[in-house]
């Protein structure tokens, strides 16, 4: 199989997300990183490309230089897709330009910093024939796909409640003026957008709840706070959701919970059974039902209880743990399948897709927007 | 040490709480169960007393017969205290009568079904010299006392957030018309009071958050639902709290989470460290702090890290697990110390006490009341 | 039900086992502690009785004074049974005397310090009509009884392997010359017998393996060591067992594993399923079978999967954890049932019994003896 | 950095190990898979190469064709190293040929099926200047390197005991005559060598114990059995080791423990602290010390407690779990560093190396050999 050619925009700084994109996209040897514009600083953009193995002539000084230059290359050589790993406020502009230039797009979340931009991007993506994938990577874990399929098949009955929480603690230690690395732009409303931890981790949590439950909010309310000394953006909050089927949702986000590293967890209560899962122990899914032993489903492609999408998302037998990179790679792998179809002039399957799309991106921005509105209105319920 | 004499009111039915009171109160051989009025049904009240080892002549047909008869006994023989394990709607009447008759009182929660009754009971208890203890038994766990002392000593810095959740699943299986046992009166607003699971488990969760954090709410909002088919009372809900120090609280309660047995858990976030604990694994407390290894504090009276109140609440060395009965017994043991002081004409130490008092009972009823008010007002914030 | 009258011999020192006996025996209010000879030091024997609530006139200066005096009391008043919580080397003498004096006996383990004594005690107990129970208390946990019943019913197929490990770490901190409390006599071969940790924890582990698997060794080999600086007795060892059905057994014991408190665990492999359990999390039993989800059986008297003996051993609903005292109390409760039968002139059920008997005691001493023999013979296999 | 060129021998069958080599070696984009002889069946060897992305002209029909052909290619184009993922009995022959042909070698374990072959291979490797790495991949986990460094630095005092266990259960479900895939050659003594599960998983366990503890056996004894119906080779066993410093070792291996997937765990007891780790939860290392809280070390390159080798082995921040592929890739990455040095004519650092070498391979075969000898001699101690 010919490898797809990847261009990486952003990701050359102190953070780790650029390397995650490069590793995840190439994990299955289905893609190759051929070009990059890894920083908004032209010099850094070029120097940062070296450890990524990008040829100097395709290490661009800016994203528009990249888009322009790559567009001009021969079709069998030019980048097939761009991955956008830049600060939030630039996603809209870069993604729009990339789509217009005819590239498939894989974009970090939150997709945009305003709902208006998100809606524009939906229209643009829909009117183009390009693939647009959003890296809500936690939905790439095999057992989250298992959970989604179990819910969709009615195995837990009707969903009555979802609780999802995403807790980190690093903000207690970050002083963005002292260490201009991770966290710097995340504390700057101009670059980060108006939602702080809400955007950084809350939107991941919300997406996972939607992905697994298949539910859409009808109304929500939110209360948030800022407890660390480093910025004015929220770093802790709750949203209570009334879903369209009358289920109750709860989203909790925090980047000020001491000692928590990347503690994303989800619980889904149904009328017949309940599910729970934790990102830091991603190879186990707990299934509970009144009066029965708690069951631990392993990520295990050879187990009879594993669902088709879970099996398809595995690379290793049970007990040989898979983790973050593989989940991230699953978003890429699914998007690649659509890119190959488009490149071959074939139709792509209709939504819902296993990989997060521009619509999921808009829902995330809507969640962020509604939470901020509710918070500013004394936690009043907001129509979705 | 002479044993205190216990009279048990209620607890003779299909539930297990009567046996819990009898076992917990006598665990340390500091008390003896001498009298009982174990049911509102006179015949059952007498027959149920036999397996408890209560002498037939002190197995009363009603609680007022018990109070009257025991009052007339010689002081060295009459019951010292009554334990009230009846349906919620009778707590106020029985507890008031017992206090007036000169008995110390140990009462189940929620203390009353209305805030007005709670306030009256506070006044009555304060004007009497009798001990009044409420069985918020989960605060009797050694590691919850460790947590309280760590918070009070500033070991986790300022508290910024508390999350407490109490999930059970048994309501999926209860049909109160078919099985007139547990759950029957709990589904009847007349006997249970207006808060369903909110009163049954939510008030426990709220008390634990208060006990450990030492915080008092300033305002709260709530959203609740009824998902099981058995009654109209709430069986699932959330309350979001703004505490007096601007910390955020979250209380989640559910009796419809499939497969959860008695899953009470608490997390307390401070500016220097965070704590977490689960009732079903009560011998471990997790202490986390940014950049340091997670620490597991064991219930261990011989460990240098154990706090005085934690050590005092232990009966066994570390690794020899203690559990529900011992925690419940700790509430009794602490109340006994005050009863002995009062009986000996000595002053009792001022609040705060380690065992839950009539004030804690009122706070629980206030929590329940404010949650119901908020829910009825579209989740508006309620002043505490 | 009339309470059985208990006399406690030993247990008045710095250790905790005396209190464990007193609490466990009276937990269900089926027995009352009426007499004691709590120390080999006459003065201490009397003073130590006070906190146990033993009347001064029944606080004896020695065990023989106790046996003699209690024997002379009226039958409706004299002790029904003696509990022996003394150093190992006195078990044989005291238990023999108690049986001869007509008392039922509950004895700590290891039963004796020599196999010859153990065999004599078996004969004595068999020729008497008294109940003899040994406090291998870990077999009193409900889920160990569940495991035993599952194995006996063939639910895991044929047992092919058992691994049991009992690890503690306190011996790193014990200097018996400095602190003449716990550990002092345990480091003295005269008082402890020739097996150190082998006797103290190894025999518990071996008993649990036998209790659950129902297997008897055919041969065994052992290797042991002494790593702490406090004595010459073993404090670490392994025994490999060939069971009568060709299953492989492994017993590991240690009192020098840093930070382990009372870490007894067992794994049983069958041809159809495998079980695992840990004493420090006693309310969960893991059941695993190839290709199926791991199942967690809870200690839960209301669950359909719970076996009769497990249900009978519970006092509380699932999720309300039970622990060490209750397991210990189950040994007493089962022995009480036989004592009542004997006292009433009724026959007692035949072996196997749920509580450990004098035969189990002898098997424990045999295990200890064979391990020492193997170790002394360069780990050669020893015929059982 | 120029990528190293990889040739894969074996790994094209039903098993997963070929894909593991390909993915792990290329994870960091430091190597590229350019050639393969993926099966001993010439046709299959060619067809299996396609999904690996190997160009048809470098998909060879046999390993000797590969070695010969690649040797003749230009130095800037020929394979730098061969990875050997074939049945055990061919390792010696292929590895020897590859070394002689001038290729660096990465070889699966056990290295050979006889000790004599292992010794010959050591001599050959030593007399060549080629890098020889053995994929005892579990030593590639960051926290196993942390453990090794903690032990080496004396942080746990002197090692007194090591317990390592490797349990799987798949052999209950394998019928090699029916499914000629995984397990088929592993049940054939001709292809597998004389040690069954001992070779397949026992040698991994032994290596990990050596890697972390730094100890070498002085004597060992072993007992093993064959419980599944599929072959005559061992599938369950124990080895007891006396290490050179008088520490006690225990190695347990099983492929018949129902429901265990890939349950490799290690415990190391020192005179100051003890460590424990489980491969299926590889991102946590437990550190215990008498009287102190249990500490959980996370795989976390940003934590102050992380050791240099652990940090160097991480690709992601704490809480973003890494797993099997990354550990496997660490063996490759370390070997690559030496290959690059050799290719550049630079000296390589002396042993000990972080990646397993030909010496570790010989130790593994020695372990296997001594266990079999002991077992055949009624579990007598064997001199190492």
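For reference, chains read A, B, C and D in written order, and residue numbers begin at 1 within each chain.
To be clear about the criterion, contacts are C-beta pairs under 8 Å (C-beta built on N, C-alpha and C of every residue); 3 or more make two chains touch, one makes a residue touch a chain.
This structure is a prediction, so every number in the text was calculated from the model and none was measured.
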So if I look at the partners of chain A and the partners of chain D, which chains show up in both lists? B, C
Report back the single chain whose CA centre is most distant from the CA centre of chain A. C
Between chain B and chain D, tell me the centre distance in angstrom, where each centre is the average of that chain's C-alpha atoms. 55
Separation of chain C from chain D, taking each centre as the mean of its C-alpha atoms, in whole Å: 43
In whole angstrom, what separates the CA-based centres of chain B and chain C? 35
Spell out, as numbers or ranges, the residues of chain A touching 2 or more other chains. 260, 287, 291-292, 294, 298
State the interface residues of chain D toward chain B in the complex, per the touch definition above. 287, 291-298, 302-305
In the complex of these two chains, what residues of chain D are touching chain A? 1, 3, 16, 19-20, 22-23, 26-29, 33, 51-53, 168, 260-263, 279-283, 298, 300, 315-326
Of chain D, residues touching chain C in the complex: 156, 160-161, 163, 169-170, 172-173, 221, 223, 225, 227, 236-238, 240, 242, 246, 248, 250, 252, 254, 256-260, 267, 269-274, 287-292, 294, 378-379, 381
